[in-house]
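Should a chain be cited, it is by its letter among A, B, C, D and E, assigned in written order, with residues numbered from 1 in that chain.
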Amino acid sequence: EPTKERILREGKIVIGVHNRAPWGYRDEATGQATGWHPDLLKAAFSELGVEEIDIRVTEFGALIPGLLAGRFDAVGSGLSITPERCQQVAFGAPDLKERDAALVLPGNPKNIHGYKDILENNDVIMGAGRGSVVVRKALAEGIPSERMLLFPDIQSNVAALRTGRVDAVLLSLPTVLGLMRDGAVPDVEPADPFVTTDEQATFTSVAFRQDDEDLKALYNERFMALKEDGTVARIMAKYGFGEEEMVSEGITTERLCSATKDEAAQ
Amino acid sequence: MGFDLDFAIATLPLILRALDMTLLVAVTSCIGAAAIGFNLEILRRAGGAFGLVVRFFIDFIRATPILVWLYCLYFILPFYGVRLSALTVGIAGLSLYYSGYLAEVFKAGIDAIPKGQAEAAQALGIGRRDTVIFVIAPQMLRNIAAPMGNYFVSILKATPYLAVLAVPEMLGEAFDIASDTYRYAEPLTVAGITFLALALIISRGVKWLEDRLATSSAR
Amino acid sequence: MTTLDIWLGILQGCRVTASVTLYALLFAVPFGLAFGIAQYLTTGLLRFLVTCVIEFWRSSAVIILLFVFYYALPVVGVTLSAMTVAAMVLGLNTGGYASQAVRAGLQTLDHGQKEAGQALGLSRTAILVLIELPQALLVMSPTFINLLIQLIKATSLVSLITLTDMTFRAKEISQVHYEPVPIYLSLLLAYFVLCYPITLFGRWVAQRVTPGREVRRGV
Amino acid sequence: MDQSDKDTVVRIDALQKWYGAFHVLKDISLTVPRGARIVICGPSGSGKSSLIRCVNGLEAYQQGTIDLEGVRLGENAAQTTLARRKTGMVFQSFNLFPHLTVLANCTLALRRVSGMARGEADELASQYLEKVRIPEQAHKYPGQLSGGQQQRVAIARALCMNPRLMLFDEPTSALDPEMIKEVLDVITGLAKDGMTMLCVTHEMGFAREVADEVVFMDHGSIVEKAPPDQFFSQPCHPRAREFLNTLLH
Amino acid sequence: MDQSDKDTVVRIDALQKWYGAFHVLKDISLTVPRGARIVICGPSGSGKSSLIRCVNGLEAYQQGTIDLEGVRLGENAAQTTLARRKTGMVFQSFNLFPHLTVLANCTLALRRVSGMARGEADELASQYLEKVRIPEQAHKYPGQLSGGQQQRVAIARALCMNPRLMLFDEPTSALDPEMIKEVLDVITGLAKDGMTMLCVTHEMGFAREVADEVVFMDHGSIVEKAPPDQFFSQPCHPRAREFLNTLLH
């Protein structure tokens, strides 16, 4: 039975998340799936009679293997669209523009305001999530891997920052906003500003299996409708996203999947 | 997804790059764990309040997972002013943790030596320290070769936990390749087989040692 | 979030930790018994094959097996639930260790026991079931209890495959509440509370099964 | 089965046994008539244990034959099992089952091999425990008994299967001097009751009192076979003479 | 140190020892003059081993005193160590160090305790190995020797430290009959050379030949002390008579 039919029949979709605000996580209070992508998916499918969003929480690195292994129907946890990932999974329409940001100790003692500052100061050790896109950007900027500590999750990164093992933790801006929003993280602050170029921005989306083109098409169709009626903007507001995070016209999944590939070819 | 043998072979050198780190951590930790464990056991045997403390320490280690220990040493000690490097924490953590297990191995090894051996040494007027070094330890080695080898394999297999401390060991390297390429089967299989091979080499080595010790002094 | 909240939050994972342990035992006990006995009884090629199976489960890194069984097997059409994978991998790994204990227990048994059974005309099976196994299992019971503790601690790995055990809960909590000290100390304590009574029970059993073996302070 | 066979419990014929290259039993022939009490002695390593274990089927042999009440040993597994049930074996180190009570030690084979019901087996075992004079220890575990008591349990356990032949392999050599007597007394009692027995022992007083015949082995061969009086007073073979000297210091 | 003390190797005075609540040695007094050869016998559990182990400092005692050539045992650690070096102990179970060669077994204490150089120690040890008649086994491991040979090594090992007193705890009871003689011969040789010795044994032939005095213990007390001839022919105490009977079966 194709995934789409099954979802419509059961009225339930299973998505993989890595438990990270604001992307996709289990609300400690209610136990329900919440976050940017779960909310989008909920809105997109609820009119089709799919009321239930079932989440599987897993490590970030296991999101795509889990999807491919059929452990869940979609990944709704802030995956960025990259050409390599495009070869493995089918991304829906880009839904959020994602800039990078850095967490630093209060007062930003090492004065970090961009990749360049990290590159130029040999004392600075940066932390990041193992397998995250910022690592690749940092390498592309020329930051040597000896000055990177890659931890499996964000709380380890934050702990490393607080204990002085790293001087800055590079994350996506939405992640940093999510961390700061509920004030749960003591003793750290976002580097203000952290300058990135437009080319360095990435775009997130929901990922499906490549076999499930029809499911993806259905989702895309519903996503466009939600964009039209303002639902997307409302959900963006809920998580504190504004103009900056809006995906501009003309940016499509196809382009994102091939664009950097051309760059790589150059 | 399938399994691409060419790709698997291509990942081999990348993964083996981290072999030296894995071996460094494993070998140092084995030596550390054995040294600490032996001293713990000798202290425990001495009895008294100190013996009780040592005994509780060993029990405590054995009742808690290694991962939590590594977290504590790495992320919690700095709050109290002790900041050790990841490699130091990794080696110290594995050594301390497995010293509790090895202390038990030494205990069994010493208990298996007939009481008469220590008595004979005593009767000859040989001091306590010399008795341990020249009479007890060499005999113990033969009794414990096999279980000690098992724990050495365990230490080897525990090195991937150091990934949480950002130490670049083999399994972490395999996961990096996987998350770069989104091909999991090949790098993990290569890493898995490498670990298995190392583990088997240790087991065989221990078996060889055991046989040698057995023939050099047939009881 | 108070330390009490953290503590209660971690305990929510206790049920999964316990279920994984219990289901894993369903694999570990039969595997350990069957393969331990098989290794004891067989010779030649058959024994080699039995040894290979045991060594595979015993010497492989659990973390890799979990990953492969959960995320890679479905690709070739075998989809097992997270609980099944966790129970099977942890269970068979523990079972591999247990089989060595069973075999060692049978081998170290006085040879005369088997001969006395033969001399009485008992069949090989009867000797195994009525004479050898009861004694071997009794002698090995402290080892089995140690393996149980190791199994409980190894369940901390199942968070990798989406099971919400105690370690997973600690991670979840640390994702909303960035205070490593109370979280990891609570986790340490949680495992200790779970495992220490078993340690004490194991010691009590060990004293019962080896009566008259007074603590030797000969050294 | 002719008449002579009926009166022969064991007939060992040209038995040869090797451990690898080591020739441990060299052309042994020995006939044990019903009711005979034969003591085997000889220096350490001469093959006494090996011989007695062959009779019980605990060791394989390479040449020659052993017949137990007319049944050829080792020809097939079923016959060997049958033959084993006809012999009771008592070991130097007792080999009681430490996890079973004295009574359970005795009834194990009765119930598993002869398929006897529990009550009946218990009763029979109690009789034999009385015979070896420890009925009151029935519910203790072997570990709680003295060596002499343990060896007597081992004898009772063997007797329960109602053997035609009892084999003893140095039954007293692991015992303290004081306990040796109580065990030898029990064996002497059995002999008086007419039990056929083959006994490896160095207890010369016992041999003199009980044996019909003393067999002296050396280097895997039987070098002398004589009634005890003759053997002790005028051994023919020089090795036997030497051996007797060492025994008496 | 007065003259009588010079001629006394051990003086045990009103010795009392308990294992927990169990009174194992009850008011033992015994004097061993230089050159004396005393055999201790008695039923199992009567406290023979405990007594001999107290003399060697292997066991602590609660009351009474032991003086070794005028040195009070246990008063301080250094004196005890010194006293221990003056006694050589031979155990029932040999207790050789299985991981060392015969020669290394003998030289270990010489080198570690007396701080002797290797060559010198080897030479001295070889002399004693010759004395116990196994110089040719020097480079074997204990596991490759027979029980009798092992026990002779144990004796040589003790002799190397040049003890004033040799203690033997049933040195032959773990041996096969044939090997008992070779060990007893060695001990007899020592006795002839004038070595002072305290020997627990049940070998009556040996006691008769070698001992100056036989001490019979029962339930932790010395109940009879007599020259061997008198002890064996007309023991006064009923327990001693009973005990001698069991030994002779």
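Keep in mind that, in the parts below, contacts are C-beta pairs under 8 Å (C-beta built on N, C-alpha and C of every residue); 3 or more make two chains touch, one makes a residue touch a chain.
Predicted model only: the values in this text are computed from it and were never measured.
**Q** Spell out the chains that contact chain C while also contacting chain E.
**A** B, D
**Q** Supply the minimal count of touching-chain steps required to go from chain B to chain D.
**A** Shortest path length, in steps: 2.
**Q** So which chain is farthest from chain B, going by the mean of the CA atoms in each chain?
**A** Between chain B and every other chain, the largest centroid distance is to D.
**Q** Taking each chain's centre as the mean of its C-alpha atoms, give the chain farthest from chain E.
**A** A
**Q** Between which chains do we find the greatest number of C-beta pairs in contact?
**A** Going pair by pair, the biggest contact count turns up for B-C.
**Q** Report the inter-chain centroid distance for chain D and chain E in whole angstrom, where each centroid is the mean of the CA atoms.
**A** 37
**Q** Could you give the separation in Å between the centres of chain B and chain E, each centre being the mean of its C-alpha atoms?
**A** Here chain B and chain E have centroids separated by 45 Å.
**Q** Counting only Cα atoms for the centres, state how far chain A is from chain E in Å.
**A** Here chain A and chain E have centroids separated by 83 Å.
**Q** Find every residue in chain B that makes contact with two or more other chains and list them.
**A** Those would be 1, 75, 79, 117, 119, 184.
**Q** Residue numbers in chain A touching 2 or more other chains?
**A** In chain A, 65, 68, 159 touch at least two other chains.
**Q** State which pairs of chains touch, listing all of them.
**A** A-B, A-C, B-C, B-E, C-D, D-E
**Q** Please output the residues of chain A touching chain C within their complex, sorted ascending.
**A** Residues 19-21, 25-26, 28, 56-59, 62, 65-66, 68-71, 153-155, 158-159, 162, 182, 184-186.
**Q** Once bound in the complex, which stretches of chain B touch chain E?
**A** 114, 116-117, 119-127, 130, 134-135, 138-139, 142, 216-219
**Q** Any idea which chain C residues touch chain D in the complex?
**A** 110, 112-113, 115-116, 118-123, 126, 130-131, 134-135, 138, 211
**Q** In their shared complex, at which residues does chain C touch chain B?
**A** Interface residues on chain C, with respect to chain B: 55-56, 59-65, 67-68, 71-72, 75, 97, 100, 146, 149, 153-154, 156, 167, 180-181, 184-185, 187-188, 191-192, 194-196, 198-199, 213, 216-219.
**Q** Which bits of chain B are touching chain A when the two form their complex?
**A** Chain B residues touching chain A: 1, 74-75, 78-79, 83, 86, 163-164, 166, 172, 175-176, 178-182, 184.
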